[in-house]
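What follows is chain A paired twice: with chain B in the first complex and chain C in the second.
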Partner chain A sequence: MTIFTDIKAILLGLWTTWKHMLRRPVTIQYPEEKRQPSPRYRARIVLTRDPDGGERCVACYLCSAACPVDCISMQSGERENGRRFAVWFRINFSRCIFCGLCAEACPTLAIQMTPDYEICKRDIMDLLYEKEDLLIDGCGKDESYNFYQHAGIGVAQRRGEGAEEKAPVDVRGLVP
Partner chain B sequence: MPKLIIDDITVEVAEGVTVLEAAQSVDIPIPHFCWHPALGKAGACRVCAVKLLDGPIKGIQMSCMLPAQDGMVVSTVDPEAVAMRQQVIEWLMINHPHDCPVCDEGGQCQLQDYTIACGHGLRRYDGKKRTHLNQDLGPNIEHEMNRCIQCYRCARFYQEFAGGTDFGVMGSASRVYFGRFEDGELQSPFSGNLVDICPTGVFTDKTARFRARYWDFDMAPSICPECSLGCNTTPVARYRELLKISARHNDAVNGWFICDRGRFADKKVNSFDRPRVPLVNGSSSGWGDAVDAVAKKAAEFAPGSIAVVASSRLANEGAALLPDLARALSGAKLCFFSNEVICRASITAASQITPHMAASLDDVASADCIVIYECDLRQEAPMMLLAVRQAWRKGAPVFLVGKGAPLEQAAAVSVEAVDLDIIVEAPIGIFDRPVIIFSTMRSSAAEIKNLMAAEAKFAPLFDGPNGMGMAKLAAANSTISLESAVKSGLIKGIITIECVIADELRGEIPIIAALDWQMNSSVKNAGVFLPTTAWVEMNGTFVNNEGRAQQFKKVMAPGIPVSATLESGHPPRIHSLDVPGGEPKPAWEVITEIMKRL
Partner chain C sequence: MTPDLILIAVTAAKIAIVLFAILTLAAYLVFAERRVLGWIQDRKGPNRVGPFGLLQPLADLIKLLTKEDFRPPAGDKWLFYLAPAMAAIPAIMTFAIIPFGAPVTLFGTEIAMQVIDLNVGLLLFMALSSIAVYGVALGGWASNSKYALLGSIRGLAQLISYELSMGLSLVPIIMLARSLKLSEIVNAQSGCWFIVYQPLAFLIFLISILAECKRIPFDLPEAEGELVAGFHTEYSGMRFGLFFVGEYINIIVLGGLATTFFLGGWHGPVLPPVVWFTMKTLSFAFFFIWLRGTAPRLRYDQLMQLGWKVLTPLALVNILVTAWWLVLKG
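Up next, the complex of A and B:
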C-alpha cells in the first residue's frame, strides 16, 4: 500500500531531523569562534629566512614559473656579498588560488604556505603583497635548511668550505 | 654516399658526416656536450653513446666520433646505450654544484636538459665535490669553474677557432681547469662567445648577471647594429630593459658566433638620458603638435634650401621614404652621407658590386687567398677577422696591404699575415677563390674602382649597419653629401633622421627637426625633436655589406625600464594602459606623418 510507505518515509525523514536537533551543531560561529587549520593548510604565503637570518629567497623565478595563474612577479639582483636576492617580490593575492605549486617548486624552502586563511580587504589593491609584507622573521616549517651551505659555490662561506665540498684544487700541482 | 639505418629510419648522408649529424638530419636528437657544429668533435664527454646493431662496426660507439658508413644499423634507444648515457651523465654530475637556482644558465642549460633527457634524476653519490677557485675575467664575463664538465669546448673555441692565446686548459685528471694563467680581462675580441658555447654555467654574461630567466625573456631574431656585417643576434629584454645580446646561428653570415663589440655594446636603448617625448623648442609636446610644428617651420624655407640628412643607422623602411619626403619638402636636398669622400666611395662600391662578386662571411672563410686592403678589421668588422682566421686555418695566405692595415689585427687572431705596401704585390691571380676586403671609409672611389677590376670576390665595409642599403638608395636617387650641399651655400635648414652632424660642418645652419632615439648634438640643437624607436623596438631591414637584406624583429616595446620607475622599492601600484616613455615610433612612421602634413 503506497499510503503506508509514504507515512514511513515521512516519519523516517522527521526522525533524522529530530535526531540532529538534539545533537551539538557543527556550525562554528565565525568570526567570534575560530578554527585552527592543520599546519599544512594552504593559505597566505610567506617568504622565510634561513637559520642565520639571511633571506632564503634567491629570486630564481621558479615559483613565478610554476604559478598557474601568474600572480608572482619579482626582480632578481646581486648583493655586495654575492648573494642573489629579490630586489622586489610581489604576490597578487586577489589572483592566487592557493594551490601551493610555488612552495613545491621553491628550491630554497623560502616560499611557504601558512594556515592564515583570513585574507579579506576592502580595497583590492591591498591584496597586492610586496616583499616587505611577505618576508617573515623566522624559518617557517623547516628550522635548519640553508641553501647556500649546500649550493657548492663560495657564497656565504669561503670556497670549498660548504657542506659536501672538498678544498679548492691546486691547479698547478704536479701530483697525479 | 653512405646509407645507414638509425632507429628504423634510412638516412643517406655525405661522405665523412658523423653518425651524430646523420641522426640530427632526421630529427633524432642525441645528447652531446663536446661536439659542436662549428668546432667538430673531441670525444671528451662520452655522452653521445649509441649502439650499432649491425654493419661494419658493432657495439657501443660514440656517435660524434664515428663517420657514417654504408650498412650501419644504429640504435639510440637500445637499453645498453640508454644505460651508458645515463651513467655518463651521472659521472659528469658528481662534482657539479647544487646551485641551479643562482646560476644564470638555469633554464637554458644544456647540462640541465641532457641530465633530464638521459634519465638521471636522483643523486646517489654522497661524497664530497671537487671545487675550484674562480678568476676575474674582466667586466663582461663571470667565471664559476665548479660547474665545469670538462667538455673542452671553451678551450677549443678560444684557441683553435678564435686564435686567442691568453685562455686555455690547465691541470690534470679531475683537476682540469679552464681559465687564464692569472686573473685578468680576456684579450680575444671574441671572448663573449664562451658564454654561448659553454654547455653549462661556467661562463655567464656579467652585464646581465642575475637579471632574468630564459622563460621570461622577451626575444626576437635581430641584426647587430654595430658594424656593416649584419651579424645575426638574439637580443634579450625583460621589464622594458635590454639585458643582453647573444649570437644567432646563420651559416652564410656569422655562423654561430658574434664579436664582443656586438655582444657587449653599451645598451643605449635603456639610457636614462634617452629622449623619449616629442619636443618643440625644448619643451615636451604631443605628437600631433610636434609634427605640425615641423611642417610649419619647413614651409618658411625657400624651395631647395632644406637638407634631409640620414645616416646608415637608419633602417631601409625609413630610408626608402626619404626621396618622397624630399620631394614633399619642395625639392629638399637629400644627403645619405655627410662626408664627400665616403659618400663617393660607398656609392662606387655599392653600384659596382654584383651578387656574384660579393663575398659573404662564409665565402671569406672558405677563400684560398685573403687580401685586407687599407683597413683594420678590429675596428671596422671584427667578425670578418674571425672568418679570415678560418680561411687561414685551411691554408689561405693573408696579405695586409698598405699602412692602414696594421699587423696587430692579424695578431689578434694569431694569423701569420704578409705585410705588403701596394696591392699589385699580392699574387691574387694564382688563386681560385681570392677575396679582397676593403673599407669605404678608408679608400677613395678611384681606389675602389681600381681594386674591383681584379679577378676576385669583394667584401666592402661600410660605415654602419645599413651602409650598403643607403649607398644603393643614394645611387638610385639624386643625392649629394652634406659636405658638398653645405659648400654650395644653398642650405638654410637641416632635418636629421637618426644622424649626428659634426658642428664644424653644420656651422650656423639651424636644425629644423631631428628624428632619433639617442641623445646627441643634433637632438640638442633641433627646433623640433621627434623620438624614434631603436632597432630592438621595431621591425625593419638592414642591408649588410655584401648586399644581403636581413630583417630584424621587434624584441620589446619602447618604454622607460621598470627598474627606473620603482616607487619605495617596488614597481608603481597604479593601473594604466599607457606605458611610461612609450612615445617613440619607428622612423618610417614619423616620416609618413610629416609627409601627410606637407
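Up next, the complex of A and C:
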C-alpha cells in the first residue's frame, strides 16, 4: 500500500525537522562574533617585501595577465642597478573576485592573499588600492624567499653566481 | 441608553478587539514563521530589529508601505485594485462567527465571546471561504501576466476541489452537534471533543484547510519554483502585503475553526477559555509552519487525485458511517 509509505515518509520528515528545530543554530552573528578564517583564506591582497626589506615585486605583469577580471594594473620601471620595480601598482578591489590566480602566478611571491575579509567601503573609489595601500612591511607567508638572491639583479651579478644558480650549460657540449 | 444601543456598542467593541487581535497575531505569525523556519534550517531567523527581532513586523510594514505601488498598465485596473481586498476581507469576516471564549456576564447582561452568533454560522463560513477564491482568481486575471493567470487557474481548481471535501468533512460535526450554530457546536463538545468521535473527519478537514489557505504542500497557486509568485506575481508594496497578511489571517481563522469544530473550542481545564482557544489556534498555526518546513509541493495531478479520489469519497463514507452510528445509538 503506497498510502502507508507516504504517511510514513511525511511523519519521518516531520520528525527530522522537529529534531533540527531543537538543534543549536549554526549561525555566526557577524558584527558581534567574527570568524577567524584559516591563513590560506583568500581575501584582501597585499604586496610583500623580501627579508632585506626591498620590494619583492619586479613588475613582470604576470599577475595582471593572470587576473581573469583584469583588475591589476601597473607601470614598470628600472632602478640604476637594473632592478625592476613597479612605478605604480593598482588593484581595483571593486572588480577583484579573490580567485587567487595573481598570487599563484607571481614568480617572486610579492603578491599574496590575506585572511582580512572586511574591505567594504561606502565609496566605490575607495576600493581602488594603490601601491602605498598594498605594500606591507613584511614577508607575508614566506619568511626567507628572496628572488634576487636566486636570480641576481640584471647584469649587476654575473650569470651563474646566484645562491642556487648553476653555472650556465655549455650548449656546445650537448651532442648525442 | 436603550438596550439596542448597548448591543451595538458592545458589538462594535468586540469587532474592534477581534480585528486588532487578529491583525496583530497575523503580523507576528509572519515573524514566527520566519523564526521557526530558521530553526528548522539550523539558522536563527530575523533577530535584529528590537529585542529578539520582535519589531520585525513593524519594519516589514514600513518597507511594504514605502515600496512602489506598481500596476501592470495592460491589466484591468479596478479588478487589480479589488483583488487583494477580496482575499483579505472574507478571511477577517469569518472570524466574526468564531466563539473565542466562554460567555461572560457584565452588568447583568450576558455577552457572548463571539462577534455574532448566527444560526447558520457554519454555512456562512463555507460561503465566505468560497468568496475568498475570488481574490486569487481576480488577482491573477487582472494582472495580465501568464504566471499570474496560471497561478490563479490552479488556485481556482484547487480551492473548489478542496472546498468540497472540507464541507463534507463538516457534515458529521453538524450531525453530532445537531446545529449549525458555532456556539452550540462548541457546547456540544463540553464533555468530549469531536476529534475523538471523528478523527477521520478531522484529518480530512485539516488537509482541506491546508489546501484552502494555499500553504505548502498545497501552494500550487504560488509555486515560487515554477510561477515566480503565482497569482500575486505582479503585486507590489502594500497590495502584495494585503495578500500576504490575508494568507496569515486565513491560517489563524482556519486554525480557529478547526479548534471550534474538533478540539472543543474554548473548553479546557484550569486556564481561562480565551487562553485555551488561543493556544489551540496557535498550535494549528505552528503545525502549518512546521509542515511548510518539511513537505515538498504536490504535483498538480497528485493534488487533484488526493482531493477527488481520496478525500471526497472518504468524507462521504464518513458521513454514512456517522449516520448509521447515530441511528443505531438511537
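In the analysis below, the second predicted complex is superposed on the first by the 141 of 176 C-alpha atoms of A that agree within 3 Å, B and C clash if a C-alpha of one lies under 4 Å from a C-alpha of the other, contacts with A are read in each partner's own complex, and residues count from 1 in each chain.
Just so we're on the same page, contacts are C-beta pairs under 8 Å (C-beta built on N, C-alpha and C of every residue); 3 or more make two chains touch, one makes a residue touch a chain.
None of the values given here were measured: they were computed from a predicted structure.
Colleague: I'd like to know which partner A:120 touches here: chain B for first, chain C for second, both or neither.
Modeller: A:120 contacts neither chain B nor chain C.
Colleague: For A:60, select first, second, both or neither according to whether it touches chain B, chain C, the two together, or no partner.
Modeller: A:60 contacts chain B only, not chain C.
Colleague: Taking the superposition on A as described, I'd like to know which of chain B and chain C A:26 touches: first, second, both or neither.
Modeller: second
Colleague: Scan A:172 for contacts with chain B and chain C and give back first, second, both or neither.
Modeller: first
Colleague: See if chain A has more residues touched by chain B or by chain C, and give me that chain.
Modeller: Comparing touch counts on chain A for chain B and chain C gives B.
Colleague: In the superposed arrangement, does A:13 touch chain B (first), chain C (second), both or neither?
Modeller: After superposition on chain A, A:13 lies in contact with chain C alone.
Colleague: What part of chain B is in contact with chain A in the complex they form?
Modeller: Residue positions touching the partner: 96-102, 106-107, 126-134, 144, 146, 170-175, 177, 209-213, 215-216, 239, 562-563, 566, 569-571, 573.
Colleague: With touch defined as at the start, can you tell me which chain A residues reach chain B in the complex?
Modeller: Result: residues 58-62, 64-65, 75-78, 84, 87-88, 90, 107-108, 125, 128, 130-132, 147, 150-155, 159-160, 164-173, 176 of chain A touch chain B.
Colleague: Per the contact definition, I'd like the list of chain C residues that touch chain A in the complex.
Modeller: My answer: residues 36, 38-44, 290-291, 293-295.
Colleague: Residues of chain A touching chain C in their complex?
Modeller: Residues in contact with chain C: 10, 13-14, 16-18, 20-27, 29.
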